[in-house]
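Labels A, B, C, D, E and F are assigned to the chains in the order they are written; within every chain, residues are numbered from 1.
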C-alpha cells in the first residue's frame, strides 16, 4: 500500500505536503458541517430571556463563522485558498445546547469541508465567548461533516 | 437581576459589546484547554505506522495552534488583542482519538481561555485535515477549558 | 519652521516615517468619531420595515467596525499596533441617513483617533454594502473626530 | 414585494446572509469610486511646500488603498473574496481638499464597488493620519461610486 | 524607450502601479527559487545532533514558507492575489549552511516567482529564528529565482 | 550540555516550542539589520533615470517593510507579538545593488531582531518585484543583524 495515496497531505516519507490541485477541474462543490455548544439548561433559559430576543449573540457568531470560512487557508496550513461562493450558517437552540450548522459552497478544484468545519468551530467558539461569564461548564462537541456534494 | 452583569458581552438591551478592560490590572494569567479528534482505530494504526514516526502531522498541528492562538482576536469578534507570553501544545495518541491539550499564558488585563480554546480547535481541525483522506467518520469532541489561573 | 515638527509622519526631507513612541508614557486615551451613510428616504423606510426589526444590518456593521478598529495598524501603514481596551459603536437612523458613532479607548503611548475613524469608516462601508442593492445613490459623509481625551 | 429581492444581503426574515454567486458567470467588471479629505487651506499650502514635492504622502496613501482593496473581503463581512485584476488610485490636490479616485477591476462573478469604496476610504484615512498633526479639522467626505461597468 | 514597458510596476511618470492582468490568459505557471542560511559549522553539528533527528526545525520552516507563499499579496504591495495550486519546500543541510528550495505553481494570469521567493525568504527567517540563540553570525544569502515555467 | 539551553525554541526532546517570556522584564530594545538586492549595473542606471526621481520604488519598499515588521509574529511561527515603538528603513543605491537598512525598536520582554530582519527581507522582495521586468539576474544577499541594543 502506498502511504501517500492514503494520507494525501503526507509524501512517501511521511513528510507533510500541500496537495497539487493544478490538474484538477474547477467544479461546484458544497460541504455541510455541524457541531454544538453544550451548556447548562439555565444558560439556555438566560439566553432565551435576555440575549436571543435581541438576536445579537447568534448574529455575531454567524458573522464570525463567515469571516473564518473565508480565511480557512490562513488557519489550516495545508489548505488551498478557495473562492467561496457562499457560506450559510444556522443555529437551533435546544434545552442544553446551541447547535450550529454551516454550509459552504465553491467552484474550485478541491472541496470545502475544512471551510465548513472552520465555520462551525468559530461560531461555537464565539458563542462560548459570549456565554462564558454565566456558564463555566460549556463543552464544544460533535463537530463533523454531514454532507459533501460535487455537482 | 442585571443582565449585563451576567452576559458580559451584552449590554442592558441585549446588544453585543466589547468589555472595557481599561481599568483592570495587567496580571499573569494562564488558561488550559483540551479537546480531541475521535477517529477509527485503523486511522490511529495508520498514523502510528506512517505519519507519527516522521512527526510532521503533530508538528503541523502544533504550529497551526500557536499561530491561531496569536490571532484569536481576529477570529472571535469581541476578544481583545492580548500580548501572549507563551503557547504550549501537547498531543496524546489514544486507541481511537488524538487528544490535544493547550496552555496559553499572558500578562494582561483579561484572561486567555478563548486563546487556549482556539489553539485546541485549530490543532484539531489541522489533524482532521491531514487525516480526512483516510477517515470520513472523524468527529471533533470535548473542547473545554480545564484550568484558569490568575497569579 | 521645522517641517518634521508639523507633519509628524514626515522627516525633514519630506519622507514618510513612523513616529517613535518609545519614550512616551502609556496613558488611558479615548477617541470618538462619527460619520454617516446618506441615502434615499425610501431606503430608510425599507430598512425600518424589513431590516431594522431583525437588527442584523446594524449588528453586522458594529462587528465589522470592532474588527477593523483592532486591525487599524494593518490598514494605515504608519499606525502603531495598540492594545485596545474597548470599542463602542452606536447607530442612529435619521430620515435620510444612518449615522455611526464610535468610541475607542486604549492604555497606550499614542492616541486612537485613527482607530475610531477606521471603525466609523468600516461600519459605513458595511451598511453601504448591505443597502447597495436597493439604493445606488448613497454617499458616505462627514467622517470626523469629535473628541479626544487623555486621562 | 419580496424583501430578499431588495436587500440582497438579507433573507426573507431580515437575517443577514452572504449572496450565493455560484451560478453567476465570471465577467470583466470595473468599479470606480471617489471621495475627499477636506482640510484647511493652510494644510494644503504646507503639503504643497513640504510633503508633496517628495511625494511620499500620496504614495503611502496609494499603497494603503491597493492593499486594502485586496483585503475588502476581510473588512466587509458579507463580501466575497475576488481575484482583483488591477487597482488604480489617483489624487488631485484642490484648495481645501485632497481628492481620491480609485478604479478596481476583476474578472469575477460579482462586482467590485465595495473594493473601490474601500480603496478610497483607506486612502483618505491614510492622508488623514499623515496630516492630523497639523490640522484637527479635517473631514472625510463624498465617498461614492461613480461608475460600474460589466464588459 | 518607453519606461513603462520596462518597469512594469511604474507608469510613464515613474509612479508605482499595479499591472492590469485582466486581459491575460489563466495558464499553469510554476516558479522555483532558492536561498540559504549560512551559519557556523558548529551550528550545523548541533542541529544534526539535537534538532534534525526530531525534525521540527525544518517542518516549522516549511509550514511558515507555505503560509507565507499563500499571503504574498499581503506582503508585496503590488502583487496580485493568485490561487496557488501547490507549494513544495525542500531543505538540504550542508557543512555551513541550510539551503532552502521552493517551488510554487498556479493556474493564473501572472507568474508566481514572488511567491517562490517569499516562501524561501520566510523559511530562511524561520530557521534563523530557531538557531539565533546558538549562532549570532548567521547570514541569509543567495535568494534567487532558479526556474520559471509557463505550460 | 542541555540542548534546550542552546536552541531556545526546542525543548529537551528537540520539539519546537514558543519561549515563555512571562517572567522577563519589558525593556527598551532596538535591533538593526541590513541586506541588499544585487542587480545589473544597467538596472541601477535605469532606476536612477526613471524610477528614483519620482521616488515611488523606494517608498513602496519602505511601506512594505514597515507593514511586515508589524506582522512578524504572523510570518515567523514561534515569534511573539510585540508592541513596536518605531520602524526606520533606509536605502542606499550602489553601482550594482540597492542596500536596505532597517532599525526596529520596542519596549517589550524580548528582542526585535526578527522584526528587523523581516523588514529588510520584505523591502528587498518588494524592490525585486518592481525591477523583475528589467532584470532576471537579481539576487537578495547579505541579510544579517548588525546591532542589538538593550537599554
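Throughout what follows, a residue touches a chain if its C-beta (ideal position, glycine included) is under 8 Å from a C-beta of that chain, and two chains touch if they have at least 3 such contacts.
All figures in this text were calculated on a predicted structure; none of them were measured in a lab.
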| item | value |
| --- | --- |
| Other chains in touch with both chain A and chain C | B, D |
| Same or different contact residues where chain F meets its copy chain C, judged by the half mark | different |
| Distance-maximising chain from chain B - centres being C-alpha averages | D |
| A-E or D-F, whichever has more C-beta pairs in contact | A-E |
| Far-end chain from chain A, centres as C-alpha averages | F |
| For chain C paired with chain D, centre-to-centre distance based on mean C-alpha positions, whole Å | 14 |
| Computed distance of Cα centres, chain C from chain B, in Å | 31 |
| Chain A-chain F separation of Cα centroids, rounded to whole Å | 36 |
| Residues within chain D bordering two or more other chains | 15-16, 54, 56, 59-60, 63-64, 67, 77-78, 81, 83 |
| Topology of the chain contact graph, where touching chains are joined (line, ring, star, complete, other) | other |
| Pairwise chain contacts under the document criterion | A-B, A-C, A-D, A-E, B-C, B-E, B-F, C-D, C-F, D-E, D-F, E-F |
| Chain E residues within the chain A interface of the complex | 28, 59, 62-63, 66-67, 70-71, 81, 83-88, 105-107 |
| Chain C-touching residues of chain D, taken from the complex the two chains share | 3, 6-10, 13-16, 35, 46, 50-51, 53-54, 56-57, 59-60, 63-64, 67-68, 75-79, 113-114, 117-118, 121-122, 124-126, 128-134, 136, 138-145 |
| In the complex with chain F, residue positions of chain C that touch it | 15-22, 73-74, 77-78, 80-83, 109 |
| Residue numbers on chain F that touch chain D, as the complex places them | 54-56, 59-60, 63-64, 67 |
